[in-house]
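Residue numbering begins at 1 within each chain, and the chains themselves are lettered A, B, C and D in the order written.
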Amino acid sequence: MSAQRLAEQFETLEKQDHAARLGMWMFLGSETLLFGALFAVYAYYRGMYPSEFVQALHHNSVALGTTNTVVLITSSFTVALGVHFVREGKTRLTAALFALSTLFGGVFLVVKGIEYAHHIHENALPGGMYSFVEQPPAGVVLGITLYWFMTALHGLHVIAGMIMLAAVAVLCLKGRYGTHRFVAVENVGLYWHLVDVVWIFLWPLFYLTD
Amino acid sequence: MSQATIDADTRPGALGVGAEHPDYLRADSGLRSWLLTKDHKRIALMFYVGVILFLGLGGTFALVLRTELLTPEQTFIDANTYNQMFTLHGITMVWLFMIPAIPTVFGNFVLPIMLGAKDLAFPRVNLASFYVYVLSAIILLGAMLAGGADTGWTFYVPYSTTSPTAVTWMGIGIFVNGISSIMTSVNFIVTTHTLRAKGLSWHRMPLFVWASYGTSIIILFATPVLGMSLLLIAIDHTFGLSLFNPRFGGDPVLFQHLFWFYSHPAVYIMILPAFGVISEVVCSFSHNKPASYRAIAYSSLGIAFVGFFTWGHHMFVAGLSEFDAGVFGALSMFVAIFSAIKVFTWVATLRGGSISFATPMLYFLWFLFLFVFGGMTGVAVATQSLDVHWHDTYFVVAHFHFIMVGGTLTAFLAAAHYWFPKMFGRLYDERVGLLTSVAVFIGFVFTFLPQFLLGNGGMPRRYFTYPERYQWLNVLSTGGAWLLGAGLILALGNLLVALKWGKRAGPNPWGSRSFEWITASPPSKHNFEETPEIERSAYEYTLSEEVARERAKAR
Amino acid sequence: MNDLLRTILFLPRQASTIAEAIDKLHYFVIIMTMGGALLVTLIGGWFLFRYRRTAVQKDPSRRMLGTTPAIWLEAVVVLGLFGMFIMWWVIGFWQFMAIRVPPENALEIYVTGKQWMWKFAYPQGANSISTLYVPAGRPVKLILTSRDVIHSFFVPDFRLKEDVVPGRLTTLWFEVKEPGRHDIFCTEYCGVSHSTMRGEIIALSPEEYERWQQGKSPGPAVAGPLDLRPSVVTEYEPPEPVNMVRQGERAAAEQGCLRCHTLDGTPHLGPTWAGLYGSTVPLEDGSRVKVDEAYITESMMDPLARIHAGYQRIMPSYLGLIRPADTSAIIELMKSLRDVRPKPGAQAPWGTVTIPETREGGQ
Amino acid sequence: MISAHVTTPKLIGSWIALLVLTFLSFGTSRLGLGEVELLIALSISVAKTLIVLFIFMHLVEQRFANRLIVILTFLFIALLVSLTVADPLTRKTFPPRPDPAAHPYP
């Protein structure tokens, strides 16, 4: 089995696995810079309009945001456990944990959706669509736009991560992964942790601003 | 002088590693075997065709621009077409030619062989990278036909968000192109880490690998920022995201920060592989080890790193705070030092060598002049009070064309000639090669030296019409551009002719000690049967060729 | 020497007070650059010739295989170069600060860029399009902004340039040495007619300038080289006889400023403008701010950012609702009222005020 | 290659630590400390990120190359953010002057 999965250009499986991990880490680094650009935009505008930003993000529900943080951290924990067990060959447990993490991802999206619905109701929409009359000054619109854009982009990553988690859960059940082969599972886990890390920063920036 | 000085390897039996197998060009046949290949060499050739096509397209745009500028008023196209042309010239040349050119063609081809590997670490990702590149090219070409763009390749807001042209699709095309670059760079870094041959420690690697490594690091960390800023433009253009819109308190200068955070390092994405090529060419033709291996290797990493600190020097008059301007101005000076170290080391490498004077070496000589001049004018434009006058004039245009064309394109041509025998197993005509090289140089100098003077005179860039006092310099520049174009076509023709009628080349026509010359020319499909065992560095010219071959055991 | 180098390098005239100093640095930098490139190429070419293979094969003593090259030499040269670059930076930054920081007593002129023309508004109320009249021998500070996209105000003869950014005010200052005409180019690509967005600066002697301001000589004749005429001179608008302060009063009435602010010091909903300009006022958060153009402009565009202590947060933003010319006119009006003493003992009358509905961001 | 192994108790411990840090962050944000609050919140976020990186993402047991990627990522983000933000923050303070450029204008 393991001889088959060694690609011709590698000498040992260990090197091949190292290559896969390193590649994933580099992809994640690149992905982080994608958010990094938006963090720079956030910092720049927050420096220019400190009070407007606070005002803009004032009506974000801290309770819902914190709930989401807990949900996402817990899902990250279950993924980490899953990766841990696949190394020990307990693939059914891994599949269950990954399915649970996918479910947590779903909960996260539902909560996010409730928040979005609330914002749409208030007309606190991004960019030119903004018409939330109670908060007129210039910087507020930027704050709301950034909130929408960054959380929506993060949401897309959550969806992508959920698809991958679900796929890995199914493949685990089918016996594709186990002690002999787990780097792909690890890499999907890494991706999900990145989604978590991004949220760990989004949460204080958009919810704990009062 | 030309043929005699090349020690063509004519000894019988010395056909290079893997000569008993069919070479990679003949190993499989049929369209499928090309389009779905995972062989890094075939993917490199497909990229080769792509970048040459886009060099032709971008060059055509450039000739149209130069011809239009023959007279102070309208010559033969209208202002709108002109504005489209320089935008498309920039986009095509930067993202479809310059950035992929050396890494995806020569990097893809020789990097794994240099490391003694059978392929890159992720062959499928490599193929995907090619198709993503093709996709981005299709999107960009489609956008060109469906309205084009007239924003300049810099996409400055708020103009780009209000321009009625296909800015959205241009943005998306470049975003997709970035994904292709990132895929290639991940592949290069991982390959360098995991697929080095036995005994090939970091300090034995050819210098081209170091340069590619540095380039890949820049691509990896800078490209996403460009992707994000262009995505913001695209969304703004279509849906009115307005993140940079002054109406809502947005600051257009912020976009410039994000754009140049990528686009300044992008200059090093374009020039670092050229440095790698030049390092190889210099050592191979002067039969000398680099005067200081570590100086060249580490300065590649130094440039990659410090290149990230200097983007603000594009914005001295853009409304940047004086504090930031001062910081960026000072940091900009550091990059020049790394480049200077490289240049001096190359020149020192020539000393005491045994130099054969072939076409790549002539290109090296041009490179030396053009790059040093272009580079030092770069330091000049990073000097703040001077930049106030020069910013956005033809001086800047001339400066970066000295780096991009005089540096990267010259190195690309040097590489095309240097690795031609390895890639296709034949030798090009040396005399025609030298002649076209001279034509390219003279054409180049006539095109861009007058532009320095135009910039001094105050002619702004992107001008469709201009005051009459600038005309004679513009005429000179246009004439030079035609000569440059002709030289490039001749160089390409020379290589195409050699493809079929060139003399057969041995595995090592230049007598180089670098590892890609161990294999047969052209290499077999798997490059090596087994991972080679390397017991020497890539530049052991003190050893005789036989000993050198023995110390790099390969089968 | 100066003139010779200037001609060789195709540099235009040195018409501003700082141009010559900048050019001196220019000569030094460009000579070092050219010299450096030539030197490196010549040394490289010499090595190429001396160590060519045919010669080395005849005379193997030329080959220096395995000898350690003089790394210390390279280190010295590189450090020397670095020192030179840092020197460029020091001088360049020094000059840059001189370019960027206007002197206190500069004459202020508002410049508005729009596709594809320049508009100039003078403190005494005059306006002009495409042609900027300035007095020679006196520092002039331009306050630049754009109505649409980014433009860049470039005067080659002055060696000066500054981007004109929508939503922001940037500044540029210069002092013209003697009367003459000078080109203005737009150097930030701004659309189809970018290359025709040119203008002209006419520097007048101080007396001429004074006369021009009073509307006595609408088009003063100033000698200048023929080729310096802008190829496209757009419409010429004679300076309006209307005084900028009058214009400010009109604008303030039209915009409804006077419903809350008074001009004579009577307390009302907003701070009175009498004696306001140039004074230092307390802010809500306890800090104090000097009332200058910056603060006034901010208060118009973003009134709640820093609000005068003791006043309600009721002022609407005028961002996007007021023309730049009116903004500057109102500021001039306030400047003219700086010496009017406000009535003592006045406090803001707290009345029931309906918050004016704002239209900000409504589209 | 693997020197430190991530075990189940370690994973559970880090999970609890993450939750505690989350509530710590939440708690400090209710104190109303002003600008310092943001700094504290971000420091806590960095701490949480380190836990996720080293334990959940197994960085603790991986090669230096992977750690280098993480270091570079953080370095470049810090660089991008700091040099970008320095621009609007220093427009008025260096040299000190009332700078109309720092204010919105139609």
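Operating definition for what follows: a residue touches a chain if its C-beta (ideal position, glycine included) is under 8 Å from a C-beta of that chain, and two chains touch if they have at least 3 such contacts.
Not measured: the values here are computed from a predicted model.
A.B. asks: By count of C-beta pairs in contact, what is the leading chain pair?
C.D. replies: Chains joined by the most C-beta contact pairs: B-C.
A.B. asks: Taking the mean of each chain's Cα atoms, which chain ends up nearest the overall Cα mean?
C.D. replies: B
A.B. asks: Averaging only over C-alpha atoms, locate the centres of subunit B and subunit D and give their separation in whole Å.
C.D. replies: Computed from C-alpha means, the inter-chain centre distance equals 36 Å.
A.B. asks: Averaged over CA atoms, how far is the centre of subunit A from the centre of subunit C? Could you give it in whole Å?
C.D. replies: 45
A.B. asks: Touching two or more other chains, which residues of subunit A qualify?
C.D. replies: Expected reply: 18, 22, 26, 29, 32-33, 36-37, 40, 44, 48-49, 52, 128, 130, 137-139, 141.
A.B. asks: Where in subunit C do residues touch at least two different other chains?
C.D. replies: 97, 101, 167-168, 170, 301-302, 319-320, 361
A.B. asks: Where in subunit B do residues touch at least two different other chains?
C.D. replies: In subunit B, 193, 221, 225, 246, 248-251, 253-254, 257-258, 261, 319, 322 touch at least two other chains.
A.B. asks: Can you list the residues on subunit B that touch subunit D in the complex?
C.D. replies: For subunit B paired with subunit D, touching residues are 193, 217, 221, 225, 246, 249, 251, 253-254, 257-258, 261, 308-309, 311-312, 319-324, 327-328.
A.B. asks: Residues of subunit B touching subunit A in their complex?
C.D. replies: Touching subunit A: residues 112, 117-123, 125, 182, 186-187, 189-190, 193-195, 220-225, 227-229, 232, 235-236, 239-243, 245, 248-251, 254, 257-258, 261, 526, 531 of subunit B.
A.B. asks: Inside the complex, what are the residues of subunit A that reach subunit D?
C.D. replies: 14, 18, 21-22, 25-26, 28-29, 32-33, 36-37, 39-40, 43-44, 47-48, 50, 62, 66, 69-70, 73-74, 76-77, 79-81, 83-84, 138, 186, 189-190, 193, 196-197, 200-201, 203-204, 208-210
A.B. asks: State the interface residues of subunit D toward subunit A in the complex, per the touch definition above.
C.D. replies: These residues of subunit D touch subunit A: 1, 6-8, 11-12, 14-15, 18-19, 22, 25-26, 29, 32, 35, 37-38, 41-42, 44-45, 48-49, 52-53, 55-58, 62-63, 65-66, 69-70, 72-73, 76-77, 80-81, 84-85, 87-89, 104.
A.B. asks: Would you tell me which residues of subunit C are touching subunit A in their complex?
C.D. replies: Counting only subunit C, the residues touching subunit A are 301-302, 304-305, 316-317, 319, 357-358, 360-363.
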